[in-house]
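I've put the structures underneath this note.
Both complexes shown next keep chain A, but they swap its partner, so chain B is in the first and chain C is in the second.
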Partner chain A sequence: MSGLDVNKSNNPSTLAPAKRENKMLRFLNSKKVAPYIFVFPFILSFSVLTLYPTIQAFIMSFQRILPGQVEFIGLQNYQRIFNQTFYKALANSTIFMLLTVLILVTVPIILAILLDSRLVKFKTFFRSALFIPALTSIVVAGVIFRLVFSESDQAIANQIVGFFGFDPIRWQFTAWSGMFLMVMMASWRWMGVNVLYFLAGLQNIPKELYESAEIDGANIYQRFTNVTLPFLKPIIIFVTTISIIGGFRVFEESYVIWQGTSPGNIGLTLVGMLYQQGIQQNDMGFGAAIGVILLILIFVVSIIYLLLTGAFKRGDE
Partner chain B sequence: MRKNNTLAKWIANSAFILIAFIALFPLLSLIISSFRPSSELMRNGISFSINWSELSLRNYIHIFTDSPSYWQWYGNSLIISTLTIVLSLFFSSMVGYALAVYKFRGRNLLFLFVLVIIMIPFEILMLPLYQLMINLNVINTYTGVMLPLIVAPIAVFFFRQYAMGLPTELMDSARIDGCTEYGIFFRIMAPLMLPSFSAMAILQGLNSWNNFLWPLLVIRSNDLFTLPIGLATLLTPYGNNYDTLIAGSVMTIIPIIILFIFFQRYFVAGLASGSVKG
Partner chain C sequence: MKKKTLSALSPLSLSLVLVLAACSGGEDAAESSEADEVEVAGSDIEDATELTFWTFAGTHATFFANAADRWNEENPDNPIQLTAETYPFDQMHNNLLMALQSGSGAPDLADIELAKFSNFLRGDVQLEPLNDLIEPELDGFMEERLNIYAKDGNYYGAPTHLGASVVYYNTEIMDQAGVDIDSIETWDDYVEAGQTVVEATGKPMTTIADNWYGIWPYVVQKGSDFFDENGELTLDNEENIETLQFIDDLVNEYEIAELAPGGGYHSEEFYGFMNDGGQASLVIPMFYMKDFTTYMPDLEGKIQIRPMPTWSDSDIQTVTMGGTGTSVISQSENTDLAKEFLYFAKMSKEGNIQLWKELGFDPPRWDVWEDEEMREDNVYYQYFHDDIFDILLGIRDNVGGIQINEYTPDVLTEIDTNIMHNVLREQNQTPEEALKQSADTIRQKIGN
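Up next, the complex of A and B:
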């Protein structure tokens, strides 16, 4: 090494930059520095694309934002929020959340238990069949649901309704059927994914537990409540929490049915109102205030849920 | 007891046949309907009774010969999804890997940030991000659509979990052989993480292919629409574009379903890790 240096020292003009580059390389390559270079993209994107917008969302909610002119207006945006339209959106998002949580937690548990049992054949096929809707874009789901639930009496949904002797329903025009469409669309798309979560949880239950429970004379119901449920509890809590969050965030299901303006606001959701006010009406301050309320709502409801289920009690979860 | 079991089996299997039918029926009915006259669909929706004589390839002929904008959207979606996959896998894997194998100051804090971002609903960030994109002058560009997806926290998390299981002794022997820290990652560790790359490629690709709300905000001109945004513009109650809409919908999902059939394992791993949606 030193011999090489001596030889090269005859030509200082090439030596100097080479040596500096080496030092630089060695610095960049040290075990101390390399991890920071690896995580640098994340630090940059976190600061610019998450931290800054989060803070900015709160600041904007206290501002009136017009092109080229921003004015601090205190709580005025918040005072304007609490009107009939907002309560309608809040009610719709909340009902949607409750229904999707109910359907997308209970049904997948039952399906997963059956798929995990010895009762069902062709498990892989059934699992894939349930999963395929999750690959469908929301717009394609919207196309299908609009055509299946068309108001014509020739469309499938109304053919079924007619079979049971009822008059055709104008699905997209009444409050209950509009909500029904949104919930059905979400349930259809996400059922298979939630089944996967529960299947993964079930595979962690040691089979000997069931055997010993059976030997002790526990019937199916007792085995379910004493073995299956306690083991599934962390996954149930996880799936319920993401379903609560996802439920309050509902927008796309509504958008693909009504394109933002539903009759009597039957499909208006909180995010829909945020989109309408913040983007379409260009009232970004007001939109941001709706966003902050949504964030608080999601946060409070999730925390209450987690407290009720005791998820914070055990330190290891 | 045994008799009971056969009955239970019979009931469970029939129930699942019914459930699988309900799950697949909407897509099957879409595919069959795509061969029906679009005016008929527009008027009557999808019907149980199929008039076999009216089935034709008309909608597909129309889309291949007379819908240049559909193919433009298809191209946009392909380019955006491909770039998103390449860039987000590159950056997210580096971050996840470093969080797993190095001990450095601030590591736990960074990992906490990753978890926090996963929890923050995108809708809250939407307006400030939109404003930021306007200020950065990337509204109505590919860059504007991709930017928020490039370092994906869920992918960072997944890569980190995967890299936790890598044999770190390999790193020491590589160092002795004179390999740089970056060489260790790109030549030795990244190839070992290949299955996680496949799962995340599928998750990111699917998210990007189906992404709706953000492109809806960022993209304004018809020639830059992605498939979901373009198709959504055809979804009008008075639309006379149902031929493009229905055949186009089918061709949006078919490639995904074909990929799913071949790479099922990775789809399952990818989606189970990252679908934070209720």
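Up next, the complex of A and C:
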């Protein structure tokens, strides 16, 4: 208000535009409008890049889509989904999800505590060494993994296996080793990112708590379970949730090893099936139906998990 | 304090679940939309008509760029500026499908691989028929090859090669075993020779790919296929079961064949194995000559090409396999020019001779096989032997073609993932069980 007054007295000739500008500014700055302006860029990109495709995917899942011929076919796509191939993909994705959640939550906690402790040297080096895989191209990583774990007894992995007196393993051709490769690749890739989350979480734990626990006679294990873990719980819930989602969505790990068709479908995941049927075989309606099922699946599992861990409870309940 | 953090987290987790669940695959696309390589021909000519060509093989891009240069020399009044873009295999086909689906963004010309081709023949076909170019000279072409890219009497693809399946024998190993390769005429002879080879050298007679290369040529040679002329699925018919049983016997009964290292004939592992003299013979189409000269230099002068052994109940001596068709996309603003150029580059006699000279492919036009230009010395004659095309001319009347329809990709996927793996590698299904199970899966899809 005072700014307007100053303008008025000092320079009457610019009065009209200044007034309009300030009115505009006041409107934009008002408590009712400002929040919407700040979230607008997100809402826009969310609507265009996420909401619209999601709605479109729902619609497409009831259609048969060919160039120049798009028709509604009711539930036919859904009726076709529940076959052996789908259950195989579902089983693979679920096993992959469980294993990656297990590994990518427990190991990073330990690594983060080690990286946070005074006993470890070259912390920055280890921190970046763990993080670099997340920045590596998955395609390049896939080529390296394929070579390391190739069938030949001269490949690095089989050399190591041979050193311990075992027969060479056909890594990319049996079910357990195929899953092992995918889980290993995902763990290698995302370990550093999860370590960062936990490192951040560790910074929030007041040092005094450790000191008083120590005075009370708590040993290392007791300090870990009674001080560290409770404080890390929100981070653990967060990391587990994104790992569940990421686990169900697995695609690249399988694709770079087998390029879409794995022997006996040992590497077929839900998203892999979506890609194979929807895009490679030009059946986008069916692909969309798989996508919708996957969305529902992830939503339900994540919500159950969050309910069980109490993430929805209010602070004072 | 702990509880506060928790409650602050809950809306965050909820929205995260929603967002992440909704956008599957958004965060890091493994493939970018940039072309790996771009070649431009005729960029210095004014008023040249611009044409774009997509391919997944860098050698094809170079081939078309060279053809554009020759075109511009011969047609100074109608020059073109050709941009040849090379993309990774899957990405190129996916992008093309999307462009055709959405009605914009497609190039003027595109390479479409055999196993993907039928995807592009569904719905309202977005490719230009090439009949007016092909029909006047149909006699000169191997029709079996043209039919692969055809639907309802329209030819949509210009073939890159005939892709005649032959046997490449490693003479070093065959000589060591004392087997005369010209005495192998039937598959029974082949098995017998194989047993001698294994006994004498300890090396397998051949290896079987656990993808469709390991079954399709043999099936077609037997006079069968995965679909009949009416488009009915015949994957699990008697002939095919017998054929797969024969392949299975090669590996698990006679033990003269092994599974191809790396699973197929185009992996680094396999090239190394073959180059080191790992197997006595290999059944694969003629186009594999290029792989020999590029990846297996140690075998120069040791490889002899012969027709496939025959089945006792069929005359077919070779089968057209693999291969890419080049198509003119209907979205193009210059379809006529694109078609003329495509004819010039790949379908004319001159173009066919260039297919051999530049790429080492057996031309789909047999009327050039005897041409003098074809007989000029090159790396392939040096690596193999001089009578390559005499062998082809000798079996020209006994070529088996393949039946392609919109469910072919499904059949090939079943073969690559289930059939070969379960029968040959895991041996947990008989050929009959595996073929019947896969056929049922596909019939279920066709029925819907």
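Keep this in mind: the second predicted complex is superposed on the first by the 266 of 317 C-alpha atoms of A that agree within 3 Å, B and C clash if a C-alpha of one lies under 4 Å from a C-alpha of the other, contacts with A are read in each partner's own complex, and residues count from 1 in each chain.
Basically, a contact is a pair of C-beta atoms (placed from the backbone, for glycine too) under 8 Å apart; a residue touches a chain by one contact, two chains touch by 3 or more.
Bear in mind that the values here come from a model prediction, so they are computed numbers and not experimental data.
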Worksheet item: For the three-chain model obtained by superposing on chain A, do chain B and chain C clash or fit?
Response: clash
Discussion item. Quick check for you: in the superposed arrangement, does A:81 touch first (chain B), second (chain C), both or neither?
Written reply: neither
Fill in: First (chain B), second (chain C), both or neither touched by A:49
both
Discussion item. Quick one: is A:133 in contact with chain B, with chain C, with both, or with neither? Answer first, second, both or neither.
Written reply: first
Item to complete: Based on the superposed arrangement, let me know which partner A:69 touches: chain B (first), chain C (second), both, or neither?
Response: second
Practice prompt. Could you look at A:291 and tell me whether it touches chain B, chain C, both or neither (first, second, both, neither)?
Written response: both
Discussion item. Contact-wise, after the overlay, does A:280 reach chain B, chain C, both or neither (first, second, both, neither)?
Written reply: second
Worksheet, complete the sentence: chain A contact check, chain B vs chain C, more residues touched by chain B
Discussion item. So in the superposed three-chain picture, is A:149 touching just chain B, just chain C, both, or none of them (first/second/both/neither)?
Written reply: first
Worksheet item: What is the contact status of A:186 with respect to chain B (first) and chain C (second): first, second, both, or neither?
Response: first
Fill in: Partner chain(s) touched by A:306 [first = chain B, second = chain C, both, neither]
second
Practice prompt. Going by the overlay, flag which of 24-32, 114-122 or 330-338 in chain C ends up clashing with chain B.
Written response: 24-32
Fill in: Those residues of chain A which chain B touches in one complex and chain C touches in the other
46, 49-50, 53-54, 138-139, 147, 150-152, 242, 245-246, 249, 251-252, 255-256, 259, 271, 274, 279, 284, 291, 294-295, 298
Discussion item. Quick check on the complex: what are the chain C residues that touch chain A?
Written reply: 2-7, 9-10, 12-14, 16-26, 28, 30, 90, 93-94, 97, 100-101, 103, 119, 122-126, 210-211, 261-263, 268-269, 409-410, 413, 416-418, 420-422, 425-426, 441, 444-445, 448
Practice prompt. Spell out the part of chain B that touches chain A in their complex, as residue ranges.
Written response: 8-9, 12-13, 15-16, 19-20, 23-24, 26-27, 29-30, 33, 41, 43-48, 91, 94-95, 97-99, 102, 104, 107, 110, 113-114, 117, 119-132, 147-148, 150-151, 156, 180-182, 185, 206, 209-210, 212-213, 217, 227-228, 231-232, 235-236, 245-246, 249, 252-253, 256-257, 260, 264, 267-268, 271-272, 275-278
Discussion item. List the residues on chain A that touch chain B in their complex, please.
Written reply: 25, 29-32, 34-39, 41-43, 45-46, 48-50, 52-54, 56-57, 60, 97, 100-101, 104, 111, 114-115, 117, 119-122, 125-126, 128-152, 154-156, 159, 186, 188, 190-193, 196-197, 200, 242-249, 251-252, 255-256, 259, 271, 274-275, 278-279, 284, 287-288, 291-292, 294-295, 298
Discussion item. Going by the contact rule set out above, which residues of chain A touch chain C in the complex?
Written reply: 46, 49-51, 53-54, 65-69, 76, 79-80, 83-85, 138-139, 147, 150-152, 172-173, 230-231, 233-234, 237-238, 241-242, 245-246, 249, 251-252, 255-256, 259-265, 268, 271, 274, 276, 279-282, 284, 291, 294-295, 298-299, 302-303, 306, 310-316
